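You will see two complexes here that share subunit A, one where it goes with subunit B and one where it goes with subunit C.
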Partner chain A sequence: MSVLKVEHVNYIYGAETAYEIQALKDVSLEIPKGQFVGLIGHTGSGKSTLIQHLNGLIRATSGHIYFQGQDIYGAHYNMKELRSQVGLVFQYPEHQLFEIDVLSDVCYGPKNQGLTREEAEKRAREALRMVGVSEEFYGHSPFELSGGQKRRVAIAGVLAMKPEVLILDEPTAGLDPKGRDDILDQIAKLHQESGLTVILVSHSMEDIAKYVDRIIVMNQGAVMFDAAPKEVFRHYKELEQVGLAAPQVTYIMHRLKERGMDVDTDATTVEEAKEAIVSAWKKKHDSAGNRCENV
Partner chain B sequence: MIRDITIGQYYPVDSPIHRLDPRTKLIGTLTFIISLFLFKSIAGYLVATAFLVTVIRLSKVPFKFMVRGLKAILLILIIAMLFNVLLIRDGNVLFDKWFIRITDQGLYTAAFMAVRLTYLVIGSSVMTLTTTPNDLTDGLESVLGPLKKIHIPVHEIAMMMSIALRFIPILLEETDKIMKAQIARGADFENGNLIQKAKNMVPLLVPLFISAFRRADDLAMAMEARCYHGGEGRTKMKPLHYGKNDAGAFVFLLIYLAAILAAKQFWIIV
Partner chain C sequence: MIRTAKLVYDYIKRDEEGNVEEVDRAVDHVDLDVEKGDFVAILGHNGSGKSTLAKHINAILVPSEGTVWIGDMDTRDEGHLWDIRQSAGMVFQNPDNQIIGTIVEEDVGFGPENMGVPTKEIWERVDESLKAVGMTAYRHHSPNKLSGGQKQRVAIAGVVAMHPKCIILDEPTAMLDPNGRKEVIRTIRALNQVEDVTVLLITHYMEEVVYADKVVVMDEGKIVMRGTPREIFSRVDELKQYRLDVPQVTLLAHELKKEGIPLPDGILSIDELVNALCQS
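And now, the complex of A and B:
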C-alpha cells in the first residue's frame, strides 16, 4: 500500500494578483512505503511547492492528497499529527535553529508532540546519533557549530519526531563535496536501517543517481518523468532541454557507443561504468582473437 | 497573512502614474495627506474621493490590492472610532445608558475620521504600489536635498530607507519560511493565551533576528567591497528628471487643492 498518494493536484500561487503563477499542474503520484525517491527539477519547477503539500503546509487549489489512505483535506483530519508523520526538512534547515543548546533544539519537535522532557531527550539523543553528531556537541550552542554540523542538527530535529516519511529539500545545498557525500551517505544508511520512506529533493542528478530507487522529474509544475533512474537517464537529451543533466557517466557511455564500442549505456555510477567498459573491451578482443584463430 | 501588508510592495504594470517622476508622486502624496485634514465638509470628502478614484483608475493597480493594506490598520481604525464615539459628548444625544453616551456629533466625527485614515493609507499605498523602492528613495533624497545645508545626512537617511524597504519582502519571505519550518516541527502559532503565544514566537523570532543580522553583515561587506563611502561625489545611474506628464500631474494637483479649499468655504451649502 502506498504511504502517500497525490491525485490531480493543482496549485496557484498569489491567486488574483499580478504575480499569479500556476506552480503545480495536475500532479498525480503514488509513493509506496519504504521507497527512496528522488525528486528532481530545475529552480522554479514546483518541487518545493509539491513537498509542502505533502505535509499540509500548503493547501492545494484543487485535487486530493491521501496519507495512509486518508484524505488530508477531510473535515476532521488532524494536520498536526500528519506533520509529525511526514517530516519535512526545508532547504538550509540550519536557519530554523533557535535554542540555547543542540540537545534542546532537537527536543523542540518531540516536545511539541506532547512528550515529556525525558522522552523527548531520549528521542533527541537517538536522532543526533543517527545523523552522526557526537555527544560532545550536545551542550554547545547550535550557532557555534560548522555549517555541515548545523545542518545535521537541523535534520535530527525532524528525525526526532519519528516520522514515517522523511522529505529533504536540497539537503546538500551550499555544502562542500565531502559534506555533501557525508550527508547523503547518512541518509541512505538511515533509509536502509530503519526502512524509512525518503523523498530527496535535488537539482543534481549526479548527487542522487546512486542512492534512489526512483526518480521523479518535475518541469514547469508538471511531472515529466517518473521511473527508475536508468530509465530516466535514457532521456538525457530531453533532460538537457529543461536545464537538467544526466550523470556524466551517462554521457561517456553514450559517446562510447556512438564511436562503435558495444557498452551498456544504462550504467550510472563510475563503478558500473568501469564494469561495462571492461566487459565490452573483453568481448571485442575475444571476438578479434577468434577471428585470428579462424585465419 | 503576513503577505497582506501592501506598503512597500511594488505592483508592476505600465501606467501614467507609474511613469511619473518619484518626486512628483512624493509631493502629490504629501499634498493629498495634508489636504485630508483641511476640510470638514461632505463636499470636501467628495472632492477627495473623486481625486483618489481618478488616481487609482489611472494607476491600473486593482483596487482589491490596495484594500489589502487596510487590514493592517483595521485595529487602529476601530479603536480610534470607538474613542471618538464614546468620548465626544456634544451634539444631540442618541443613546444614553450607564456611562455610555452616543451623540450624533460623535458618530459624524468617528465616521469622518475613519474615512480620513482609510484614504491616508490608500493614498500612500498608491505611491508605494506604483513606485519601486529605489525610485522612491531617490526621489526622497532629491526632495529633501536642501536639508543637507543644515547638516542633516539626507543621503544616509535615504540609503537606510531604501535598504529597509528593500528588505521588507525578503524578511517577509524569510518569516514565512521559518514559520513553515517550525510548523513542520509541530509549532503552533495560533492557539493559546497571550503569554503562550508570545512564548511560541521565540522559535520564529530568534532565527529571524539571526538571519537579519547575517544579511546586514553581508550587505555591509558587499557595499564596502564596492568602495561605498557615503553620498559625496556619488553619481546616479538613472538621474531623475521631470517630464511632460509631471507638469500635467502638478496642474491636476493644483486643481484638486483649489477644489478642496473651495469645498472648505462652501461647506454650509452642502
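And now, the complex of A and C:
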C-alpha cells in the first residue's frame, strides 16, 4: 500500500478574487513506502504548495489525499497526528531554531506530541545521532553552531517525532559542497537503514540524479514528468524549456554521442558516465583507431 | 582598485561587564589585490571567512589589524565612508531582503536618489541599469511578482545605478532555480565584460567560477589557493580537503584520467572534454 496518495488535487490561491491563481492542477500521485523521491520544478511551479498539502498545512480546493489509506479530509481525521507522521523540513530550517540548547530544541517536537521529558530526550538523542551531531554539542546554544550543523539540528527536530515520511525543501541551499554531500549522504543512509520514505525538493539536478529512485517534475502546477531519473533526464530539452536542466553529465553524454562515440546516454552520475566512457573508449581503441566525426 | 594588506578581523565576544570572553579570528592576514575590470571568485567552506572579507570591501566592517584600500581610500577613514559605499556595491543571497520599492523602477532608483543624484539623471541611470541586467520590460512591474532570478537582477540593477566601480556578490544564486542561476551569472558576466565593472563573486557553485579571471580559495580566514580557474580546478584532491568540489565535468575528466584515458588537467567545460575525448 502506498504511504501517500494524492488524487486529483486542485488548489486555488485567492479563490474568487482578482488575484486568483491555480497553484495545483489535477495532481495525482502515489508514493510507496520506503521510496526516495526527488521533486523538482522552477520557482513558482507548485512544488512547495504540493508538499504543504501532504501534511495538511494547506487544504486542497478539491480532490483527496490519503495517508496510509485514510482520507486526511475525513470527518474525524487527526491532523495533528498527520503533521508528526509527515515531517516537513522547510527551507533554511535553522531560522526556526529557538531553544536554549541543542538537545532542548530537538526535544520540542516529541514533547509537544505528549511524550515525557525522559522519552523526548531519548528520541532527541537518537535523532541527533542519526543526523551526525555529536554529543559535545548537545549543551551548546544552537545559534553558536556552523551553518551545516544548525541545519542538522533542525532536521533532527523533525526526525525526533519519528515521522513515516520526511519531506525536505532544499535542505542544502547555502551550504558548502562538503556540507551538501554530508547532509544528503546522511539522509540517504537513514533512508536505507530505516526504510524512511523521503521526498527531496532540490534545484540541484546533480544531487537529484545521485540520490533518488524517482523524479516528479512540476510545471505550472501540474505534474509534467514522473519517472526514474534516467527516463526524466532523457527529456533534458523539455526540462530546459521549463527553467530546469539535466545534470552536466547528461549533456556530456549526448554531445559525445552526437560526435559519434558509442556511449550510453542514460548515464546521469559521474560514476555511471565514467564507466560508459571508459568502455566506449576501450572499444574504440581496441578496434582500429577510428576517430570521432567532426560535426 | 581593491587592496588588502595583512587584513585581520576578530569577532570579539564580551560578557555583561564588557570583558573579552572569546576572540574568533575570522580573517587572518589576508593580502588581496584586485585590479580594475577583474572578475574574481572567492571560494571557501561555510565559516572560512569569505563573507567577513567581503564586508570589509564596502566598509560594513573595518579591520582589526591591517589595511583595506578602495582606490586610494583607506576604509578606516570615516570621512570616506560614503565614497567607499558608492564605489563598492553589495548584493546578498536573499533577493527578498534587498528589494524595497513597490515598482521595479522605483527600487532601482532608490540608491541614486539617496545619493542626491538630480532627478533627470536618476531616470537615466534607472534606464541604463535595467537595460544592463535585461529587465527593462519589467520596469513597471511589482517586484514581488517576479521570479527569484528576476528579483536578483533587479537587486543588481539597484547597485549598478549607483555607478559603483566594483560589485561584491555574496552567494547571489544560492536560493535560485537553475534558470535563475543562469540569468544572474549571465548578467554578472555582461557587467564585467561590457561595462568593465570589477566583480567579486562569492559562491558555493563551482560551475559559476569557471568564468572568473582569478579564483581565491579561503580556509580558516586565510587565502590558501590562488590562480586561474584552470589552475585551481586541476587540484581536485586539494580542493576536497578544503570541503570544496570541482564542476561535474572537471571531476569526470579527473576520474577518466585515473582510468588511463589521456586528457589534459583542469578541463572546465563540456566542449573541452568532448573535444579532448574525441581526439584521444
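The working rule: the second predicted complex is superposed on the first by the 283 of 295 C-alpha atoms of A that agree within 3 Å, B and C clash if a C-alpha of one lies under 4 Å from a C-alpha of the other, contacts with A are read in each partner's own complex, and residues count from 1 in each chain.
Simple rule for what comes next: a residue touches a chain if its C-beta (ideal position, glycine included) is under 8 Å from a C-beta of that chain, and two chains touch if they have at least 3 such contacts.
Only a predicted model underlies this, so the values are computations on that prediction, with no experimental measurement involved.
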First, second, both or neither for A:Gly147, with subunit B first and subunit C second: second
Which superposed partner A:Gln113 touches (first subunit B, second subunit C, both, neither): first
Contacts of A:Lys178 with subunit B and subunit C, given as first, second, both or neither: second
Broader residue contact with subunit A after superposition on the shared chain, subunit B or subunit C: C
Touching partner for A:His76 - first (subunit B), second (subunit C), both, neither: neither
Which superposed partner A:Val158 touches (first subunit B, second subunit C, both, neither): first
Touched partner set for A:Lys237, first subunit B, second subunit C, both or neither: neither
Touched partner set for A:Leu57, first subunit B, second subunit C, both or neither: first
Subunit B-touching residues of subunit A, taken from the complex the two chains share: 16-18, 52, 55, 57, 80, 83-84, 87-88, 90, 93, 95-98, 108-109, 112-113, 143, 157-158, 161
Subunit A-touching residues of subunit B, taken from the complex the two chains share: 11-13, 62, 64-65, 174, 177-178, 180-188, 202-203, 206-207, 210-211
Residue ranges of subunit C touching subunit A (in the complex, touch as defined): 44-48, 93, 147-149, 171, 174-181, 204, 206-207, 240, 243-245, 247-249, 251-252, 255-256, 259, 261, 270-271, 273-274, 277-280
Subunit C partner contacts - residues on subunit A that touch it in the complex: 41-44, 91, 146-148, 173-180, 203, 205-206, 243-245, 247-249, 251-252, 255-256, 259-261, 270, 273-274, 277-278, 281, 291-292, 294
